Structures are given as C-alpha cells and as structure tokens.
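Shared chain: subunit A. Partners: subunit B in the first complex, subunit C in the second.
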Partner chain A sequence: MRILRFAQDDSNVLRTLGAVGPLIALLATCVFFATRSDRFLTGDNLSIVLQQVMVVGVIAIGQTLIILTAGVDLSCGTVMALGAIVMTKLAAELGVSVPLAIAAGIGVTTLFGFLNGLLVTRINLPPFIVTLGTLNIAFAITQLYSNAQTVTDLPEAMNALGGTFRVGGTSVVHGVVVMLVLYALAAFVLRETASGRHVYAVGNNPEAARLTGIATPRVILAVYALAGVLYGIAALLSVARTGVGDPNAGQTENLDAITAVVLGGTSLFGGRGTVLGSLVGALIVGVFRNGLTLMGVSSVYQILVTGILVILAVATDQLSRRGAR
Partner chain B sequence: MAGGDSTALVMEARGLVKRFGHVTALDHSDFELRAAEILAVIGDNGAGKSTLIKALSGALVPDAGEIRLDGRVVHFRTPMDARSAGIETVYQDLAVAPALSIAENLFLGRELRRPGVLGSVFRMLDRKRMREESTAHMRELRIEIGSMGQPVETLSGGQRQGVAVARSAAFARHVVIMDEPTAALGVKQSNTVLDLIRRVRDRGLSVVLISHDMPHVFEIADRIHVARLGKRIAVLNPRKISMSDTVAIMTGALAPDEIAADALA
Partner chain C sequence: MTAPVRVGLSCVALALCAASLEAQQPIIGLITKTETNPFFVKMKEGAQNAAAANGLKLITGAGKNDGDNAGQVTALENMIAAGAKVVMITVNDSKAIVPAIRKARAKGVVVIALDSPTDPVDAADALYATDNYRAGTLIGQYARAALGGRGPKIVTLDLLPGHPVGAQRHNGFLKGFGLAAPEKANNTLGKPPEVVCMADSYGDQTKGQTGMETCLQKNPDINVVYTINEPTAAGAYKALKAAGKEKGVVLVSVDGGCQGIRDVASGAIAATAQQYPVKMAELGVAAGAAFIKTGRKPAGYTDTGVALIAGQPMAGVESKDVATGMQSCFGRK
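Here is the complex of A and B:
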C-alpha cells in the first residue's frame, strides 16, 4: 500500500515535471552560462540566440503538430532547403518577382508535406519510413536543381525579414517576430479550437477519435500539409538570415527540430505536449550552443550535450507514461 | 417493466443477414427494443451478437433485412449515420482520449463554440459552457468527479467508463448501445456503472446491453435477447427464468419451447 502510493506520487511528480521541466531547464541553463560568461546576459547576445533559433524554431512548430499526432517528420530540414533553393533560384536567376518566388518556394514545401501526409494516411505507411524516403528525395532534388551551387545575388526584398529594428539598445531581427507570432498562432489554434483539440485526440487515442466521428485521416493530412507551409516560411527566414540559397542547409535542422520538440516536453507517443514547449526546447539547444561557444568549448561537446539532453527528455516522458498506466 | 405488445418499439430489425465469405454471421435475425427498457443481448462466441450490434450501430451494413427506428426504415452506412439518428454506442475498450479533460472528452467531435465573432471567425471553443454543461450532466447521472478540467487519465477505470457512458447518454435521443461496459472493471466499479445504466434508462432512453456477465444481466435487464447461430432464438424475462436455464438456452442444451411460456418476454 505504501509502495503503491509512493509510485503514484512519483508519476504525478514526473507529469508535472513534464509541463514545467523544460522552462526550469532553460532558466537553469541561462543562470549557468550567466555565471560563466559576462557576455551571455547582454541584450545583443540574447538577440543573437533568438536569431539563431528562428529557423529551427519555425520548423519545430510543424514538427510539434506532427509529433502530437504520434507521427514524426525526418525530412523537415531538407524540405526547407528545397524551398529555399526554389525561391532563391526563381528570384535571382529566372527573374521571377520576389513575392511570386516566395510563394512558389512555400508551395513546393507544402506539396512535400502533403505528399508525406498522403503516404501516411492513404497507404498507411509508418511516418518514420515515409519521411526518411522524402528526406532523400528532397535532398536529391535540391542538389540536382541547384547543381549543388549556392544561389547568391538575391534581390534586396528577399532578405527583408533579416533586417533589424531596435528595442531599447538591442537590435532584433524581423524574422524573430515572425517566429513568435507563428508560435502564438499555433498555441491558440491547438488550445482554443476544436481542430486543435482533435490533433491531440488523434494522437492520444486514434480509435476513440474515429469513433466520436473525427475524420482522423483528414486531421493527419492537414497537419503534414500545414507543417509543409511552416517549412516554407522557415526557408524564407533562412534565406533572409544568410542572404543566400544554400543547397546544404537544413541538415542539422532535421534532427534539431525533433530535439526541440522532445526537449519541450511533447511526447513522441503523441497526444501530449504544447507548442510553446517546443519554443523553450529550441531555446535550450540555442542557449547551450551559444553559451558553450562563449566559453570556448568545442562544438563537438555541444552535440554531445544535446544528445544527452534528448535522452533525458525522452526517458522522463517514458517513465511518466509508465506511471500513468 | 416487461409490458405486453402494446409497448412501443423504439427500434426493430427484421430478417437481418450478414455473410463473411462462407460464414453466415447473421442468419435472418430479428430484434426488438422497447421504449425505456434495458435489453440485454447475450450469446455464445460466434452467436452473431456483435455482428447484430454492429449492424444496429452502423458499423457494418447487413446484406439483407431491414432496420426501423421509431417505425421508419433506416439505412446506416456509417456509425455517424446511426449517431445522427439518435443512437449512441459505448465501446468496450473505454473509447476516451486519456490526455484530454473530462469536458473535452464529453464534447469530443461535437465541441461548442463561443457565440459571435470569436466562435464563427476565430473558431474559439466555449470552454466555460462545455465545462458547465458537463458538470450539470455528470451531476444528473450522479457521477461524482471533482473537476471537469482534469484529464481522464487521472480517473479510475469505473470513472472513465462513467465518462464514456455519460457522453453517450448526453447525445443519444433514442438508444444507447453498450458493449461490455463492465468487462474491464472491478466489483465496486461495475456496480457504479450498472447504477448509471439504470439511470440512463430512467431518463427515458432505451439501452442495449451486450454482456457476458450473467449476474450483471440478471441484475439490470428488463428483457434478455438470446442470440444463437446467427438468429434470435428467444427473448426471456429475467424475473421468470433462472440463470442456469438461460445459459442452457444460450448454449443449445435447452430448446426455447421446453421452458414455461411465461418465461418468454
């Protein structure tokens, strides 16, 4: 009896930890680096962290939606790179107007998201395999279309979101605002609308969702397509930040986006988590990279730390689930 | 409760046939459900009771035969058809989403939106109203749960089943079909759910109860529909027949015409 009660308390503790844990981890990380480097807690440095996080942050919104349905998208970063190549090539080399080029790039990433969704819902393939396939397809198309060359000499308008405005003495990149607005929008839809709650229901208990009349395949298809739209917007941010179309972009984002979502407390088993958690997760990774760089630690250690964090986050999720059963 | 022929039939099926390849799961089966009664459907494995229930709830389409609801012929193609006709089904495997709140589960797929622009343009959910209506509804069914905002996974098995039953009772206009509602539950929790089923009937809904549990069937059923070899072989009055004779009829050890006439309902 005593043991039983203890076990129950344990699971509650873990569940609560799942909700506020990421935020505590982020704060702890910030405190740690603030004591290690005088430069860490400056406005300019924090602005740089946000700027470095904005691309993976936007991708992570799409990734969160997909993981909430108990899926996963390994192709996210690569599809973003394809979108970036399409929009830059159209604008810089084919003389297409900037808005149209951007629309075409987002169109292509949306198409890929839609394709992922179709394969998952119509042919019932596991998302892991589907997106592993589209990861390679998107990568190959990107390399072929760009001849593996970086696209440069972009029209000025293409980089507009890379421009800055000043808040107090700190300059903030427009793209960061775009990211924050998208997070607010996603959080609103997931929390306050029926469609959002259906995403949770589909991931949590697909059978129950179906039996209550929710069109489960339609929800999943919409989520993958919407993720594609977000990858397109991330592509635009990536172009604006770097000023070029890079065919080799997105390689680290593929897994970093999943890392951000998992660190943010969203369950890989679906149905649990929040999109704002993913923002916190992306910031944790960003702060770690930034802080370790400021301390002069080699980037290999940054990767090592990220790996350990991911396993810790997934283990917490797994243990809290075992407690809940 | 077990009235004569004058009792109105809420739902009726005649000559239902369903074949799966060489197997005839339903072989001209009949079915009659009266207003505000609990009708237990029993039968051995392979007797065709789950096929019958699936036909009634729209989960499958029979090859032949007709189903009437309130005297009108209905053709259910999907569970949604049955639901919009006023028939709700509670499934065996506790069909709730554990991570969502009680109120969210009660209104899953039928969410209420806020009035005005917030609801029509911004599609915002009316959480407050859903929570209030959930509370009122659960209180009416005397399901005691603290807060409608707590996730279903924090509830016991009996309470979870209570949520599933309450959801069906809230939206059904004619019939609630319950597939083994007590199968996963302990004794005390089962009793709570049985009480709940009685209250659903007392509110005027008809309940179809599929169960293997004879004591539960005898405790709450008004009539017992016995399925055997794809047919309805008898409808029994649980107050006039013993549990062992019922099981004997169900398994074929006893023919329905061998029992006293007043045991038939």
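Here is the complex of A and C:
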C-alpha cells in the first residue's frame, strides 16, 4: 500500500508542490525580509522567532496527528491554557512541588484529549462539534478555577524552560530544544513505525484500514490522548515563556495551530501530510510577524498574508486530490 | 528537522549579499491593546505625528484581541529585535505582561505604560494615563446634580471582574455622587444600597444592552445609569428606549469618543468624562525622545487630564460643551 501511494505521488505535480510548497514559501519569506532589514538574519533574531513559535509549534504536533486522522481539534489552545492554570496555581498558590504540579497540569490536558477521543470514537460525534464543546468547557473551567485572575510569583523551577543557553554568540531558549526534539520524535514515529503508518491509514480510508486489521477507534483515541499530552507540554512552555499563568492564554492558538498544520501542507481530509511541514507552517507565520515588525510595518499584514496562504495551501491540496482521481 | 536547517543556511547565505535598506533613525515602539479600537487608532495617529516631529521612527504592534497577552509579549520582543530603545504599551493584562517588561528593561529598553497601569505600577518606567477615579468622580457629581431632589436608584454597567480601571471609574462615580465609596487604590467595586443593580458589560454595546434589560426587569424605577464607556451607554440607552424609560433617567459615561459626544449632543447620554489618547501618546513620545537624546529616563505617573462634557450644564459642576468635546474626540468625526 505504501509503494502504491508513493507511485501516485510521483505522477502528480501538484502533490509534489503541496509537499515542497511550504518550504519554498518560508524560504522566499526569509529572502524577502533579509533584503528589507539587516537585523532579520541575525542569530538572536532567528532565535526569537523560534521562541515565539515554540508554544503553537508544540500544539501543532498534536493538531497534525489529529488532522492526519481526518479529525480536527478546536479546543487545543484553550485546553493548553487550562493546563497552564492548573500547574501554576498548584505550584504558586497551593505549595505543591513543581514536578508534581506540572504532572497534574499535563494530566488534565491529557484527560481532555482522552475525552475528545472517547466522544469521537465511542459516540461517533464529529470532531468539529466535540472539540467546539470542549473548547467552551475548558475555557469556563479555566476562568472559574483561576477566578479570572492571572497567577503570578511562580517558583523559579517552573520557568526553567524559559531560560537560555548559548550557541556561539546566540542565546537559545531551552523550550525551543524541547519543541525540536518533539518534532524529531513525532516525525520518526509517523514515518518509521507501524503505529505511525496506522495513523495515515486510518485517515486515508478508515474502512480499508479496519479491513486490514487496524483497530481504527483505538488509533484515533490514542491520537487524541497523545495530542492532550502535547498540549500539556505546550502549557509548560507557555508558562516558561510568559512567566505567569494566564487564564486568557491560548485563544489565538486554537486556530493558529490549525493554520500552521494547513500551511505545512497537511490535508484537512486526512491521510496526507508531514509533521515537519507543520513546523514550517508555524515558522512562516512567525517569520512574517517578526519581519514586518522589523520593517516597521503593522503586523495586521501578517494576518492578511496568512489568510491568503491558507487558502492557497488548501486549494493546492484539493486540486491535487481531484487530479489523483 | 533538516528542512528548517536548510532554510536557515540559505537565509544566512543570502544575508551576506543583502543590502541594508533601513534608515538609521532611532526607533520607538507603540503596542496597543488591539489594532481596531478607535481610541487606539487615535493614539497611534498622535504617536505617529509626535515621532515625526521628534525625528523618530515609530513602529507599532498590538494584541490580536482584547486580553491577548502573548501577542503583546511577541510584539515587544520583535520591537527590541528591531532595535527600539523605547517601547510604549497599553497593557492587555496588567499582571501577565510584567515579566516580559522586566526582561525588556533589563536590556536597557525604556518601557512606558500608556492608558492602563501595570500591576505593580512601577514595573514600567513611567505611566501616562487618565486618572480614572477622577473621571468617575466628575460624572458622579454631574449625575447627583442632574437628578435634583429625587432619591437615587442607580444601575452600574461595569467593565469586567477584577479590572482596576473598571473599579476606579465605578468607585470614583460613587464618591462623586456623594455615596460611600472605596478609595482609589481599592479594586473591589463599592455597592452602597442606592446601587440597585450591577452588571458586567465588558465595555461592549450588546452586553451593555443585555445588562440594562436585565436590570430593568429587576428594578423598573431606575433613575441613574453609570456606564463604563460610551458603547455600553449606547446599549443601555437602547434598552431604556425600548422600555420607554429614557426620559426620566440620567445616563452618564466615560471616554469622549466622537460617537459618544454625538450621543451627548442628542441627549441619549447626559454627560461623559473625556480622556485624551493623543496626549498620552505625545507625552510618551516626548519622554522617549528625551531618553534617546539625553539618557534621562522618565519616571512616575503623569495625569493626562479629563474633562466633563455635558449637554446641559449643571449649577456647581464645571463642564464643557459638546462643541469643545467634538474638537478633541477620537473616532470618526
């Protein structure tokens, strides 16, 4: 089946474009800004872009897994915010030890992922509606639990991932390394392991996957739960980045994570795409935002360009599908 | 991971031949709560003019929506990367932004808060803002005078729970009205018995209307309405009119937007306390320019002023007329 799929790939120019298009876009963006500002291509500035995409980047890994199964998760950012409030409140206000507080935060986000997965697989509800519901539930719990107040004065250890180390003359945030390692792991699992191939198979054609003996519901459930774990890690990164537990965090990430995945060339219809593409997608947005500010141009244009690129990406995917049939 | 690495290398290669097109004017940044609110559009305009007059280049950024702290942190980092020596900011979350501001100041960047204070206030170098307690006091005094001898039945349509600006305006209003009121530094909303109904409007017209409708259900004989801002007042007026109660009610507000002043002219709003976003921006830019030139950092709180704009002047309460209010309003004239 794998060989067959690749044979199709090669026969289809648009599909190839779908795969390398995002990279070309990122490259072109870099070239553009490099010629516009001499501050863009400094180690420090590129490091800043990476630290600015690390939260949405990690969320986007979970989102990619879900979208590969032809699902979607609208609740990702809000669930992350809940995780962040749980871990900061436990550690800063209730005196729970930092590792335990972090584990509890990740536990809560995992629980939410698991809940999404259960509703999707056991009751067969559409992921869009399920996660629209859990988005609101997670938001309300976050506001109620935090009393709509930002949690401050966190123990030092909680911000450890926000600290930096030096590579050459550039300081790099620890959290960025966490993000890159997670991407490498996810890419390896998806490409090289049976479980990874099952995710693609389920998204491509759930019926065919079931007939070849793949436990489709179990794969989907595992994907949602794993996404929950990743949201928890993103929560920790977000806490480390801002130094506070912010009950209003995550609301832009809900859709930004989906944007990154789509810009990275992963198909919203499932079964096609790469997790590294999502990193490229997140970077495109981050580079635009950063570069425009360096040029002194309002960052609203970044939102405009992102919108256009999303439609281009989806259109390329859709046209390539039509071509394949 | 090879993809981003490859891109990074190509970027570096290109940098070597990329010519710098950047002008060497000193840079000053302005981060607003959102891009679209007329108050901040006017502030940006003022900052742009002041920056040009001082030979500075202004770069701007904003949160994506009201309350978006992460977006403001990102904008702040990018401005420092762009080489800004001074950043002015209207904070979305008074506490959550503080660690990012500390980091910026540790790098030698001067951070000036405009319009809203950080918590703690001294997290930023300086604050240029309306005295919101005084704004509340002015409209409280006016409402008391306008009500005449009637016993007050007050509705307050407030901002949102826990917000210092909302608390200061609300408590200032009570104080001006001559009721028991918490002091300026207190962020809990005072609730003397004369206040018969309170609702959170989030500064939003629709929510203001909903809140007023609910309060009218609870107490049909309301005669004073305090609102956190003019969109909320517009919503409240709509609800009052639908209930046929707009005549006997004194409706007061804060802001001084052009639409709000028009509502004062038409009599929908009795009086509003006008604040001055352009002045905040001008003072901020001037302080920034002084720092860039002389190295002297701005400090402390500067009141950017507030004036009562009323349709009908009341004896014993100093106010300005609608024409004066229109001259310095923000939004579409």
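The rule is simple: the second predicted complex is superposed on the first by the 314 of 325 C-alpha atoms of A that agree within 3 Å, B and C clash if a C-alpha of one lies under 4 Å from a C-alpha of the other, contacts with A are read in each partner's own complex, and residues count from 1 in each chain.
Throughout what follows, a contact is a pair of C-beta atoms (placed from the backbone, for glycine too) under 8 Å apart; a residue touches a chain by one contact, two chains touch by 3 or more.
This structure is a prediction, so every number in the text was calculated from the model and none was measured.
Enquirer: Putting subunit B and subunit C onto subunit A via the overlay, clash or fit?
Expert: In the superposition, subunit B and subunit C stay clear of each other.
Enquirer: Scan A:211 for contacts with subunit B and subunit C and give back first, second, both or neither.
Expert: first
Enquirer: Once the shared chain is lined up, is A:195 touching subunit B (first), subunit C (second), both, or neither of them?
Expert: After superposing on A, A:195 lies in contact with subunit B but is clear of subunit C.
Enquirer: Check the contacts made with subunit A and report whether subunit B or subunit C touches more of its residues.
Expert: So, of the two partners, C touches more residues of subunit A.
Enquirer: When the two structures are overlaid on chain A, which partner does A:272 contact: first (subunit B), second (subunit C), both, or neither?
Expert: So A:272 only meets subunit B here.
Enquirer: Identify the partner contact of A:183: answer first if only subunit B is touched, second if only subunit C is, both if each is, neither if none is.
Expert: After superposing on A, A:183 lies in contact with subunit C but is clear of subunit B.
Enquirer: Between subunit B (first) and subunit C (second), which, if any, makes contact with A:28: first, second, both or neither?
Expert: In the superposition, A:28 contacts neither subunit B nor subunit C.
Enquirer: Kindly classify A:244 by the partners it touches after superposition: subunit B alone (first), subunit C alone (second), both, or neither?
Expert: The answer is second: A:244 touches subunit C but not subunit B.
Enquirer: After the fit on chain A, how big is the angle at subunit A between subunit B and subunit C, using C-alpha centres and going to the nearest 10 degrees?
Expert: Angle at the centre of subunit A: 150 degrees.
Enquirer: What is the minimum C-alpha distance, in Å, between subunit B and subunit C after the two complexes are superposed on chain A?
Expert: In this superposition, no C-alpha atom of subunit B lies closer than 19 Å to one of subunit C.
Enquirer: Which positions of subunit A sit in both the subunit B and the subunit C interface?
Expert: In the superposed arrangement, which is not itself an observed complex, subunit A uses no residue for both subunit B and subunit C.
Enquirer: Give the list of subunit C residues in touch with subunit A in this complex.
Expert: So the residues of subunit C in touch with subunit A come to 1, 3-4, 6-8, 10-12, 14-15, 18-22, 27, 35, 57-62, 64-65, 67-71, 73-75, 77-79, 81-83, 92-93, 95-96, 98-100, 160-162.
Enquirer: Subunit A touches which residues of subunit B in the complex?
Expert: Residue list for subunit B touching subunit A: 79-80, 83, 89, 91, 93, 95-100, 104, 108-111, 113, 122-125, 153.
Enquirer: Where on subunit A is subunit B touching in the complex?
Expert: 192-195, 197-198, 200-201, 204-205, 207-209, 211-214, 271-272, 324
Enquirer: Which part of subunit A faces subunit C closely enough to touch in the complex?
Expert: Touching subunit C: residues 23, 26-27, 30-31, 34-41, 44-46, 48, 51-52, 55, 147-150, 152, 180, 183-184, 187, 238, 241-244, 246, 248-249, 251-252, 276, 279-280, 283, 289-290, 293-294, 296, 298-300, 303 of subunit A.
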